[in-house]
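In order of appearance the chains are A, B, C and D, and numbering begins at 1 in each one.
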Amino acid sequence: MNPANYLILSALLFTIGTVGVLVRRNAIVVFMSIELMLNAVNLTLVTFSRINGTLDGQIMAFFVMVVAAAEVVIGLAIILSIFRTRRSTSVDDVNLLKY
Amino acid sequence: MRVEPVLLAATEPGNQPVHYAAASGVFSLSWLLIVLPLAGAAVLLFGGRRTDRVGHIIGTLTAAASFVLGLVLFATLLGRDGDDRALSQHLYSWIPVNGFQVDVGLLVDQLSIVFVLLITGVGTLIHIYSIGYMAHDPNRRKFFAYMNLFLASMLLLVLGNNFLSLYAGWELVGLSSFLLIKFWEDRPAAATAANKAFYMNRVGDVGLALAIMFMFATVGSTSYADVFGAAAAGVIGYGTLTAIALLLLLAACGKSGQFPLQAWLPDAMEGPTPISALIHAATMVTAGVYLIVRAGPIFDGTQAARTVVVIIGAATILIGCVIGCAYDDIKKVLAYSTVSQIGYMFLAVGLGPAGYALGIMHLLAHGFFKAGLFLGAGSVIHGMDDDQDLRHYGGLWRYMPITWVTFGLGYLAIIGFPGLSGFFTKDRIIETAFDKGGTSGYLLGSIALLGAGITAFYMTRLFLMTFHGKPRWSSEGPAAKHPHESPVSMTGPMIVLAVGSVFAGGLFVLGHSLQDWLEPVAGTGVEGVHTFSPVVLTLLTLVVTAGGFAGAYLRYQLRPVESVARPDTEVSLVTFAARHDLFANTFNETVAMRPGQYLTRFLVWLDLVGIDGLVRGSAAAIGGLSGRMRRLQTGFVRSYALSMLGGAVLVVGALLLVRAG
Amino acid sequence: MSADPTVLLAQTQKITPPSIEYSSLSPLLIVFVVALVGVLVDAFAPRGARRVIQPVLAGGGFIAALVAVAVLHGRHAVLASGAVAIDAPTLFMQGTILVFALLSVLLVAERRLDSSGGAIVASAAITPGSKGSTAQQTSADMQTEAYPLMVFSVTGMMLFVASNNLLVMFVALEILSLPLYLLCGLARRRRLLSQEAAMKYFLLGAFSSAFFLYGVAFAYGFAGSVELGKIADAVGTVGKNDLYLYLSLALLAVGLFFKIGAAPFHSWTPDVYQGAPTPVTAFMAAGTKVAAFGALLRVFYIAFGGLRWDWRPVLWTVAILTMVVGAVLALTQRDIKRMLAYSAVAHAGFLLVGLAGTNTDGLRGSMFYLVTYGFTTIAAFAVVSLVRTSDGEASDLSQWRGLGRTSPLLAGTFSFLLLALAGIPLTSGFTGKFAVFQAAIEGDATPLVVVALVCSAIAAFFYVRVIVLMFFSEPLAEGPVVVTRPTLTFATVGIGTVATLVLGVAPQPLLDLANTAATSGFVR
Amino acid sequence: MNTVPWLTILLIVPAAGAVVVAALPRRHATLAKQLALGITLAVLVLAVLATFAYDPDKAGFQFGQSYDWISTFGISYSVGADGISLVLMLLAALLVPVVVLSSWDEVDGGDAAGTGRVPAPAPAPDAGGSPGQVGDGGIGGAGGIAGAGAGAGAGGVGGGSGGGTAVALAAPPVVTAAAPAQVATPAGRSVPAFFALLLALEAGMIGVFAATDVFLFYVFFEAMLIPMYFLIGSYGPVKEQAQRSYAAVKFLVYSLLGGLLMLAAVIGLYVVSADNLGHGTFDFATLRQMEITPGVQKLLFLGFFVAFAIKAPLFPFHTWLPDAGAQSPTGGAVLLVGVLDKVGTFGLIRYCIPLFPDAADYFAPLVLGLAVVGIFYGALLAIGQRDMKRLVAYTSLAHFGFIALGLFAFTSQAGTGAVLYMVNHGLSTGLLFLVVGFLVSRRGTRDVGAYGGLAKVTPVLAGVFLLAGLSSLALPGTNSFVSEFLVLVGTFTANKALAIVATCGIVLAAIYVLYLYQRTMTGPIVHEENRVLHDLGLREKLVVAPMVALIVALGVYPKPLLDIIRPTVTATYADIGKSDPAPTHPAAAHPASVHPASVQPGGHS
């Protein structure tokens, strides 16, 4: 079966992630959407690795996972601190800085 | 040290050699003529109040010294033979820029020396007169300073040996005239009159400036020698020559208060009377005539321009006369008579070489009697506590006999009473006008003749209303007047001038003395065929003059004169027009002043709203843009993400587009 | 350019462990180690001691790294089997980053701004508004983790400009960003704003890095490798699906544009700059810009150099957009930090103009500009941190009225810095502008330059406006006070100002440096 | 051959002086004044000595010096003087000490006295209010911003004041005699700073004329703005804070915009030189030899021209001048109009014409058109003004029209006249500004309506005023006549129609001068407070004396200056292949009418 389809799939996933970032209010969900985007990229990498017949892509996927994990730590920390202040995780409530 | 240009000019083939000998001996002092009064002025102006006490002395002495020097030069000139009486002195290089080389240099010749004598002579007399007249004025020192300044400028005007020096003098006399008209500057009228005079003169000056530019563009020089050399050689095109001539004429009209620029002269009477006598009667206003005679070689080359000159002359004669009949202000009447008399001079010089000498002659004679008349008027005004209204005078001869006599002589001279100067000079002009021949000749002649008649009328009116008839003033009551004769310092000059006005004319005419004297400059007046024999014409003139006299006598001597003028509503249309200067001022206002004011207002508005508006508008636009754009920064993280996504899509799209294309 | 023989070796023999030239990587390693030590110190050293040890440690580390950079100069090699490249531009920018980091540390370490222990929060965990938060505003201690975080971030920046491989670049990007996200949230006062800044920066940053990563993936898909050099080679060869190529270019560009704060990816800049603690803002404004531009230059010059005619139009559009947005929006700002943020956006635009030259002059100009801008902007933010009211910095412009009357020296210095930012001659700002604009015109980007100049005129307008406020208007009754005790901050201001002046009057030495760097060019 | 680095000395002395004076603490006001006066006088002496050392008949630059500055861009510190720049430096060196002396009491005391004389204005209710409204008017929504921003209270003031200054360009504060915003006290003004600014300005002015490296020229061109900006902004009329900030910002941003466009052209020039010569350079002499394709020339010309047209200013770019002229302290105004603006016209003949001859040819009609329009436009607007300083500013617009006319007529007479005009205008308008300043300092208002009949009260003042006016209307015997007539006559030989139109402008000149004189000095005294005004004091007499003397002296004997200027101008036009049209019927072959083209610089005198 044609590996190119996986590219399309990953593109779809990426798009879903992007849309998620734009439409969801809950910080956690927004953050998860971003994770989705990263994983979509992972899929792409693996697919390309298959297409090119080199292992580099797969190794890169591991790198990405590690980085994503690190991101999670930071992100949750920030979101949590804000939640403790505002008792809300809606990204729309956070807009003192504007104009 | 540059070689004297004019000498080389003579060697240039194809040019009429216009040869001015380099000044030497006593003539190398001719610069003192100008510097003496100038120094006087400087001392008085910068000396400040310290010189208050001696101011008038210094002023008068410097003027007199200058006059004496003039006499010496004149005498020396008489000593030299006819064609060697033009001496040019190169003082220093003024504006040297490559092709444009202008020197400050003087030219003492038959024409300029005559003017020097007139200016310094009359000037000195009026200085003396002013000592008395201005005795009570706190600013007398300044007055004398300005008068000296005027003398210097006027002398520069007539003595310069190139057109730019003349121009300098030309504008400087304008300045001194301005300063003296507004001498009593707390009078708004005076200030306004002064400005008016300066503005209208500037219009004339534009003409002179342009003329000089034309000369430089054509001849490459502005010195009399080169320009006249070229003009005489006929190398300059007729069109150019005419253009130059007309521009010079414009200048002359401005300075001499000729139509259409005559309106400023009567207003100029706001100045102290001695000034009216010196500047606005005897000397400065005749500068126009000097200019035309001096530029004779140019005018000789262009019949067209000359025609314009005579037309203007003739027109001005009538304008002056007509208005002169209507005014009740003694100085204004004299002013308008000046206008018309200068009209005679223009008429004369417009007739070409034949008339140059006559013009100058009348100019000199006029210088005497008109100055005398003004001084007399001044004396009267002085005695009547600065009242200038004829209708408040009457029967003054008893109270100020000397004034009466001197004024009377001047009066006779101007109307051309046989034997007095006016009689000789004016008649010759009328004669020459007729001699021009053809319809134009008759026309001009009869205008001149008519002018003589009217002159007789209004001068008689003036004289009678002032000195004869019943007094229309009272020595009691609030408006009490105590007419009295003026001090010697004033009457003295009047007497001298009276004498002058009696004999000058004869002196000039008999044996063509002045004509011969001026011949090298003005050219020969070829005795053409007489339209009428002189005798007939003289009689004719006398008759017309007598007519004018009779008219005035009947109206103003045999019938009582109201002490208040009839209101405009009850007078004939002519009188009404005349009283309003034939609407000259109205014309100027509606054509020049008002539109100018509107234009100015409009431009001020335009600059503020239009041009600066653009500047401010653009700033406002950017500011507004900023104000709107910052609203996009909503503070919602998701909208930021959206804008980023938009950007991303754009970038991707753009690059894919590039790829496709 | 000739590759380092060792690299060739590494490529020919398949199964060999990658050879790492530790000496060449010393700057990176030093900083990294310092960061780790910092963490340990925070773990074990007593509270009081940390406040002293940490800054010294960090500062010392930076200096040491700086020395290492100096020693390495002239090195021109690809290391760690193509992961990292050490060449003149890299070293130049690493040096620059280190200097700015050093200056920023001084600001962070400043403890004499007021009674409290500096700009960094005492304990981030305390929720704003609670009793504790008011207490912590004046408490003497601080969240000393800030130092290791900064050092980590610096590591990331240095790796960012050195990476010769998109994956490494991505990792570096994260290393430099993640600490910054946290640092933004550490302001002692105005906690809410600070946290908001952190969150916005984080979410958007993560969002953009996803794009960047996707770009990496496509690059891999196109070239079968993520080494810049290999990609460049692949660009030439036929038979490859260049859809991937263009996609990767676009997505990578998005990621990088975000980092340099180019419009329309700038929207985070004003909020974050305003919310973050001022020393951190200064650090970001100077350091991040250098790092991001370093990476941008590498990607665009090496990997996609062959496509320059394709990406130029995009670059032009973004540049113009960025300059206009920055200059125009700054006009109506009332918060001084926000205004400086927009000015940062505008300057990013000017830098892009230099990049549009796409020639060595452009490289030289950009590098020079980065240095000049960094010094000036750090000094400017430092000054901002000096003007204070009872509740922290007087960041509202209206509070700056008449400062020229009350404390002329400070106002004068600030005016000078603003004029430098506006690009008035005899300041570094002017020489920098001149350098990039000259490059752009050299590279036939004249229209771009004209736009840039008009924008600088507009920009001058709002810099001047501050001067007007300070000098031409009357002081407020209860105006802000200018704190006079903080020596470290003064040192920073002094260094920044002097640098601004010197680089304006005698820029030749630095230009020479940048010139040699640019001419020797990137290794690949 | 002299080896004295005159120009560098001329540059360093005032620059160092500025630093020293600036370093003085506020309380040493008097010391600062004396120091400034001493330094400027020293500069004047040096400048005069340099003039004597200068050999007008030698072609090219003299006192030349050149050191590498930024070799990467081929930039060098190189200075040199030719006839044109020398006289302008002389003018600057002369005017600054005069200004220093005239501003003796302006910063401290002077204004206080002024406020003392006029009834104290009613303080505005809200401190930030007045500028605030300006802001609202200025940008759509500035008010909105003020409201919307967090902390609307402070924000209101902030946005207001911000708008009032930042976006002030958008709407000028209404200039009223009454004080707008905060009533400032001169106490807030530092005397040493003022004089330091003057000295810095002098250094800048000398540098801009001395530079023979285009980049260096640009640097000075821009750097000069800053001291002037502060002079206007912080030392303008005390009671008009909003207006003077507005004027200052407008002046700076307007000039900066022009300057930046010029920067584009400068860089362009550099790049062109790099392409032509292989190595880029900013050296004027080298660039001058360079052949540039006409198309490029036009673009570069425009870049330079706009900057100079704004600086000069020429007709459509002038609207900053009246504001700046009215709002700057008298001394500032004198230097602004007297010298600073000359940089524009100087740039035209030094850079625009020799560097881009073809473009200069191509655009000449445009420039000439603007010039003539300017002559009339400026004159008419001057007639329409009531604010005396604005009036004088507008007259300058007319004069700059004459100068531009002369420069682009491309005849040696017109060119020489124009350059001489730059000097003369500096003297006459400078004196006019000084005298107006004296009036304002006595009476506290610039409104013509507040005067009248002063000739009785202050005769000396009136006399000087009149003389300045006469010089401004170019009366023979005053300096301006020589230059104006040269411009006109030179233009006439090249383009009759233009010259004729322009000549008519002299009538308007008479009107705006004498009308002003009439309204202020003549007539009855209408305002009682005018009766007590005192005449010029000794210091003021000392200020005007040199100006008066020069105005007359240069009117009577301009040759020395002409001999310095003429060779350079002639050479400039000769270089671009322009020669004076020969008279159509040369009268005689005397030296006077030797064809100028054959006259090499200094060929004869």
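As a working rule, a contact is a pair of C-beta atoms (placed from the backbone, for glycine too) under 8 Å apart; a residue touches a chain by one contact, two chains touch by 3 or more.
Fair warning: this is a prediction, and the values are worked out from it, not measured in the lab.
Colleague: Return the chain whose centre of C-alpha atoms lies at maximal distance from the corresponding centre of chain A.
Modeller: Most distant chain from chain A: B.
Colleague: Using the touch rule stated at the top, which two chains are linked by the largest number of C-beta contacts?
Modeller: Per-pair contact counts point to B-D as the maximum.
Colleague: For chain A and chain C, what's the span in angstrom between their mean Cα positions?
Modeller: Once rounded, the distance between the two centres reads 25 Å.
Colleague: Go ahead and note the Å separation of the Cα centroids belonging to chain B and chain C.
Modeller: Those two chain centres are 80 Å apart.
Colleague: Using CA atom averages as chain centres, what separation in Å is found between chain B and chain D?
Modeller: The separation of the two C-alpha centroids amounts to 38 Å.
Colleague: Roughly how far is chain A from chain D, going centre to centre by Cα mean, in whole Å?
Modeller: 63
Colleague: Where in chain C do residues touch two or more of the other chains?
Modeller: Counting only residues that touch two or more other chains, chain C contributes 199-200, 203, 207, 270-271, 331-332.
Colleague: For chain A, give me the residues that contact two or more of the other chains.
Modeller: Counting only residues that touch two or more other chains, chain A contributes 21, 30, 91, 94-99.
Colleague: Residues of chain B touching 2+ other chains?
Modeller: 623, 626-627, 630, 633, 635, 637, 641
Colleague: Under the definition above, what is the set of chain B residues touching chain C in their complex?
Modeller: It is residues 622-623, 625-627, 629-630, 633, 635, 637, 639-641, 643-644, 646-648, 650-652, 654-656, 658-659 of chain B that touch chain C.
Colleague: Give every residue of chain B touching chain A within the complex, in rising order.
Modeller: Going by the criterion above, the answer is residues 630-631, 633-638, 641-642, 645.
Colleague: Could you please specify the touching residues of chain B with respect to chain D in the complex?
Modeller: That would be residues 2-3, 5, 8-9, 11-12, 15, 45, 48, 92-101, 164, 167-172, 175, 178, 182, 185-188, 190-192, 194-195, 198-199, 202-203, 205-206, 209-210, 212-214, 216-221, 223, 225-227, 229-230, 235-236, 240, 596, 599-601, 603-604, 607, 611-612, 615-617, 619-620, 623-624, 626-628, 630 of chain B.
Colleague: Given the complex with chain B, which residues does chain C contribute to the contact?
Modeller: Touch residues, chain C against chain B: 199-200, 203-204, 207-208, 211, 242-243, 246-247, 249-251, 253-254, 257-258, 263-265, 267-268, 270-271, 310-311, 313-314, 317-318, 325, 328-333, 458.
Colleague: For the complex, give me every residue of chain A touching chain B.
Modeller: Touch residues, chain A against chain B: 18, 21-23, 25, 30, 91-92, 94-99.
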